[in-house]
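In what follows, a single structure is set out as C-alpha cells and then discussed.
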Amino acid sequence: MSLIIDGLLAILAIYLALQSLLAPRLTQSVFLFFAFGLALALAWIRLAAVDVAITEAAIAAGFLGVLFLDALRDFAPRIPAKNEAVQKQYSKSQTKSLFLPRLTLWAGLGLFLLIALEAVWKIPEGGGLTAAAGTLLPESGVENPVTAVLLNFRAYDTWLEMGVILIGLLAVFAAGGKMAYRKPGVASQDPLLRQVILFFTPVLFLFGAFLLYIGKTGPGGAFQAGVLWGAIGILLHLGGWPFIALMPRWLGQLLLTVGLGFFLVLGFLFMAAGGALFEYPPAYAGILILIIETLAAISIAAALSAIFALLNQIGEEADEIESTT
Amino acid sequence: MTIVELITVIFLVVGCFFFLAGTLGVLRFPDLFSRLHALTKADNLGLGFIAAGMALHIASPWAALKILLIWLFTLLASSSTCYLIAHFQKEQDQLKNRKEGE
Amino acid sequence: MTHLPTSSFPALLVGLPILLATLSLFFGSKGRAVVGLAGSLLTTALSLIAIAEVTRRGTVIHILGGWDPPLGILLRIDPLAAVFIGMLALVGVFISLYAWWYFRVREADTGGLPQFWPLWLFLWAGMNGLFLSNDLFNLFVTLEVVGISAVALAVLSGKTTALTAGLRYLLAAITGSMAYLFGVALIYGSTGTLDISLLGQVLEPGATTTFALLVITLGLMIKMAGFPFHFWLPPAHSAALAPVSALLSALVVKGAFYILLRLWMEVFGVSLTYAAGQLIGVAGAVAVIWGSWQAFMQTSLKLIVAHSSVAQLGYLLMVFPLLILAPGVTTDSADWLSPAWTAGIYQVISHAFAKASFFLSAGIIIMALGHDRIESLRNLVGNMRITAMAIGLAGVSLIGLPPSGGFMAKWMLLKGIFLSGQWWWAPVVLTGSLLTAGYVFMLLRLAFAPAREMDTFRPVPKSLEVVALLLAIGSFLIVFPADFLIQFLESSAVFGSGIEPIMEGGEYGNN
Amino acid sequence: METYQIYSLTSAVLFVIGIGGVFITRHFIKKIIATMIMGGGVFLSFVSFAERDALTFADPVPHALVITGIVVAVASAAFALALARRIYQQTGDISFSNDK
Amino acid sequence: MDVFFIIVIVFLLLNIVMGLFRVWRGPAVADRLLTTQLFGTTGMAILMVLAGYLGELTLLNVAITFNVLAILLVISLVKVWKNKKGETK
C-alpha cells in the first residue's frame, strides 16, 4: 500500500528531472529543479535516510536555491532583449540538426537506459556494512551510526571533503578575477525585511547548534549545522551587513581554515603519539568529535557564505556594467 | 476507532481541504496578489490543522512543542513572504510602467 | 592487506601539503609564494624519503583511524604508487621553481595571482592521495580535489578563452566523476565493500558488474581525455598560464589513467573480455592518429603541444589490449606482459617530463614574444639558445628517438605488440611517431631558420629557461635507472600481471 | 517489488537523464542542472541499497558517503555557476558557441 | 489508520503535482517562487504526517530545516532582483 507513495514520488522525481531539462524557459528549469530537490528529500525520508534528508533540505532548499536564483538574474531578464541574434541562431541550429544523428543519439541513450535498468534490477545482495558498523559503534564515541562513519570510521573522507569546500571557495575567487570584494554594503531600508532577518538569525543559529549537538545521538551533525549557520551569513549579506567582508582579514581566514586545520593537527598529534591518522582514544572520542564538528561547522558556514558573497558580487558587477551602457 | 483517532482524522481531512483550496487558488486566481492571498492564508490554515491532528496522534509533549514551533515559524515566515513578494511585485510593476511610459 | 608493515608516510604525504596550503592562506601573495615554494620542496623531500622507505621495506600501509577495511580506509604505497609519487614530486618541484620566477616576472600584469600556490599544494595533496588510496569512494573524493583545483588553476588568468575552456573542462570533470561514482554505488551495493584489495577477491561477474565497469571506464576516460572525450583538453590546456598548462598536461591527466589501470587490473578482472581490451585500444589508436594530425595542423605553439597530449595519452590506452589475454592464453606463457607494463610506465614518466618541458618553453616564448604563433619562432636558436634546446630535446622524447625515455616507451610497446601477435597496433605506433616527428621538425626547422622579419625577443630570466631545459634532460636521464626501476616495480603485485578473461558460455555467459 | 527497487530503478533513470542532459542541453545553467540531476541519481542508488541492507538501522556507510558527495557536488556547482556567469558577463554567450 | 495516513500523503503529493502548473505558467518570477513556497508548506505537512505514520520523530527536524530556510529564497529574490526588469513576457 505504501508503495503508492514511493511510486508517485519516483514518477514525480523523474518527471521533474526531465522537465527541468526540457523546459523552454530558464526560470522554469530552475524552479522545477528546486521542486526536484524537494522530491528527493522526501525520497530520502522514505528510504529512512533522515541525515541525508536534512542535508538535502538545507542544501537544496537553502544554499543551492539561493545560488541559482542569484545566477538567474544575470541570465533571465536580458536574454530576449540583448541577445536576440543569439536566440535566433540558437533555435535555428536546433531545428537544423539532422534527423539521423538525433535518432542515433536517442537510441543510444535508450539502450544505455535499458542496460542501466538491468544492472540495478539484477544487483546481487551485497549485505552492506551495517553489521560491521553496528558492532564497532560503541567504540566510536557517538551513538548515531552516520556520525560515527563520518567523523570516526571514515574521517579521512570527511576531512578531504572539507578541503574540497575550501578549494571550491578558492576556485570561485579564481573565477572571479580581481574584483573589489570588500565593499561595505548598504543596510536595507525596508523595516520588515530587517526585522525578518534579525529574527531568523538567532533562530538559524539556535537550530544549527541544536542539530550539531543532536548529531551525536540522532540525525544531524556538522554539515547540516554548517549550512544553517552559513545561511546566517547569506541573510546578513542580503540585508546589507556583509560581515564577512567587513571582518578583519585574519579572522576570516581563521574561520575558513579552522575546521580543516584543527582536524588535521589533532590527527597529527595522535599520530605522533603512536596511533594512526585520525585515531582517537575511545574514552575521549565523543568530546573530540564534538569539538571537531563544531569547528567544521564554523568553517563550512564561513566558506558557504563567502561563496555566496562572491557570486553575488559577480552579479552586482554585471549590473553596474549594464547600467552604465 | 478511539475518539482521539477520530479527531485526528477530522483534523487531517479539514487540513487537506484547505490545502486543496490553497492550491486551487494558486492555479485559478487571476493575478499574483490574489494568488499570494490564497497560498499564504489557506495553506497555513491547512498546515495548522494537520499539525494539530498529528500532535494529537503522536501524543508526546516534546513532539507537540516542536510541531507548534514549526507552525508558528511557518506563520511568521509566510506572512513576511506575502508582504515581501507583494512589495517586490509592486515595485517591479511600477518600474515596468515607468519604462513603458518613457 | 592489513598484515603489511605500517608507516606514517602515506598520511604525511597527503597531510603535509594540505597543512601548508591551509597555512599559506594567511599570507599575502608574496608570503604565499614563499610558503608554496617551501612546501613544494618539503613535499618533494618527503616523497623521496617515502620512496626510499618503500625500496627498503616493500609495500607499506597506513590504516586510517585504526579501523580495518572494509569499514575504514587504508592507504598504501606499493612500488607502482611509489613510482607515480616520485614522478609527481620530480616534475612538480621543477614546475614550482618555474612558477616562482614566472609569477615574479609577471607580477605587474597578474598581481602575483595569490590563488596559485594554495591551489597547487591542494592539487599536489590530492594527487598524492589518489596514488595512495585503496578505497573506491576515497578515490572519488581525491578525484574531486584534483579536478576542482585543476580547473581553478586553469582559469586563473581570467581571460575569456580560459574561462570558457575552464567551464567545459569543469563540466566534463563533474560528469566524469559522477559516472565513476555511479559505478562505485553499484559495486558497493553488490559486494558491501569499497576496499580495492577485498573487491579483487569478492567481486562476482554479472550484468551489474559489467555495467559498473562500463560507467567507471566512461567516467575515467572523460577525466583523462581519452578519445572520444578529448574535446575539453586542447582548449583548457592551451588557454591556461604556462606553469598550469605544464602541470595539467604532465600530471593531472595521469591520475585518472592510474585509477583506470589499477581498477582494470585489480578489480574488474572477472568482467573484462578480450573485446573490451581491443575496444579501448582502438580508442587509443584513434587518439594517437587524430591528436598527432591535429597537432600537425595547428599554428600556435601551445595548441600544438595540447593536441600532442591527446595523442600521447592514446599510447597509454594502447597498453590495455596487451594486458588482456586472448582466450586460452595463460599469464605464465604471456611473455609480453612485462614489456607492455614497462611501456606504460615509461610513457607516463617520459611524457610527464617532456610535456612539462614543452609547455614551460612555450610559456617562455610567449613571455618573450607576447604571443605563440609559430611563424615567429624563426631564429629562435639565435635568440634563445637554451629554450630552443629544451624544445628540441623534449620533442625528440615525444617522437621516441633513442636514447630518450619516449624511445624506451615506444620500443617496449612495439616489443609487446609483436610478442603478443597483435601486429595491427604496430602501424599506429609508427604513424603516430612519424606525425609527431613532422610537427617537432617543423618547429625545429623554424627555430633554425634565419629571421625574415624582425621579431623582437624581450629578455626572459635565464632561470626559467634552465628549468625547462632540466626537465627536457630529465626525460632522457630516466632511461639510465631502467633496470633498477623495473626490478623495483616487479616487487609490486600488480606489475606484470595480465587478465585471463573467462570465456563465453562459462560462468560469465550464464549470469 | 520492494521499496528499494522502486528507488534504485528511479536512480538509474535519473542518472541517464542527467548524462544525456549534459550532452544535449546547451545553456550553461541547464548543463549544470543536468550534472546535479546525475548526482541525485547516483546518491539515490546509494541510499536505496542502504535501505535494502538495513538491520536495526539502515546501512550508515552509504548515508555518510552521500552526505559527503552532496557537499562535494555543491562546491563544484558553485564553481561552475561562477564560471558561467563570468563568461556571460564578458561575452554574452549562454552556450558553448561551437557546439553543433 | 495507516491506510488513512497514506491516503493523506498521496493527496498532498498530488497537490504538489497540481501546483507544478503554476511553475510552468509563471508568468512572473514571483509567481514561480510562490509555488516553491507552496511546495515547502505542503512538504512540511507531508513530513508531519510521515513522522506520525512511521513513528520517526526526527523527521520533524527535517521539517524545521525546510521551514527556517524557506524564507531565504524569498529574501534573496527580493534583494537580488531589485531594479531588475524581471521576466514579464
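Letters are used for the chains, namely A, B, C, D and E, taken in the order the chains are written, and counting of residues starts over at 1 for each.
We take it that a contact is a pair of C-beta atoms (placed from the backbone, for glycine too) under 8 Å apart; a residue touches a chain by one contact, two chains touch by 3 or more.
Given the structure is predicted, the values throughout are model-derived calculations rather than measurements.
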Which chains, if any, touch subunit A and subunit E both?
B
Topological distance between subunit B and subunit D, in contact steps:
2
Just to be sure I understand the contacts, which chains border both subunit D and subunit A?
C
Determine, using the mean of C-alpha atoms as each chain's centre, which chain is farthest from subunit E.
C
Measuring between Cα centroids, which chain is at the maximum distance from subunit A?
C
So which one's got more C-beta contacts, A-C or C-D?
A-C
Between subunit B and subunit E, what is the separation of their C-alpha centroids in Å?
10
Report, in whole Å, the distance between the mean C-alpha point of subunit C and the mean C-alpha point of subunit E.
47
Averaging C-alpha coordinates per chain, one finds the centres of subunit B and subunit C separated by a number of Å equal to 56
Chain centre separation in whole Å, for subunit B relative to subunit A (CA means):
27
Quick check on subunit A: which residues sit in contact with 2+ other chains?
2, 48, 72, 116, 119-120, 123, 125-129, 133, 149, 153-154, 157, 161, 164, 167-168, 171, 175, 177, 193, 196, 203, 315
Among all residues of subunit E, which ones touch two or more of the remaining chains?
33, 35, 64, 68, 70-71, 75, 77-78, 81, 83-86
Subunit C: positions in contact with at least two other chains
71, 137, 141, 144, 148, 151-152, 155, 163, 166, 186, 188-189, 192
Contacting chain pairs - touch in the sense defined above:
A-B, A-C, A-D, A-E, B-E, C-D
Sites on subunit B touched by subunit E in the complex
1, 5, 9, 12, 15-16, 19-20, 22-24, 26-27, 32, 35-36, 39-40, 43-44, 46-47, 50-51, 54, 57-58, 60, 62-63, 66-67, 69-70, 73-74, 77-78, 80-81, 84-85, 87-89, 91-92, 95-96, 99
Interface with subunit E, subunit A side, in the complex: residues 1-2, 4-5, 8-9, 12, 16, 23, 25, 27-28, 31-32, 34-35, 38, 41-42, 45, 48, 50, 53-54, 57-58, 61-62, 65-66, 69-70, 72-73, 76-78, 80-81, 188, 193, 196-197, 200, 203-204, 207, 211, 214, 218-220, 224, 228, 231, 234-235, 238-239, 312, 315, 319
Listed in rising order, the residues of subunit C that touch subunit A in the complex are 6, 8, 11, 14-15, 18-19, 22-23, 25-26, 62-67, 70-73, 111, 115, 118-119, 122, 125-126, 129, 137-138, 141-142, 144-145, 148-149, 151-153, 155-156, 158, 163, 166, 186, 188-193, 204, 206-208, 210-212, 214
Complex contacts: residues of subunit A adjacent to subunit B:
190, 192-193, 196, 199, 203
What does subunit D use to touch subunit C in their complex?
8, 11, 15, 18-19, 22, 28, 31-32, 35, 38-39, 41-42, 45-46, 49, 52-53, 61-62, 65, 68-69, 72-73, 75-77, 79-80, 83-84, 86-87, 90-91, 93, 96
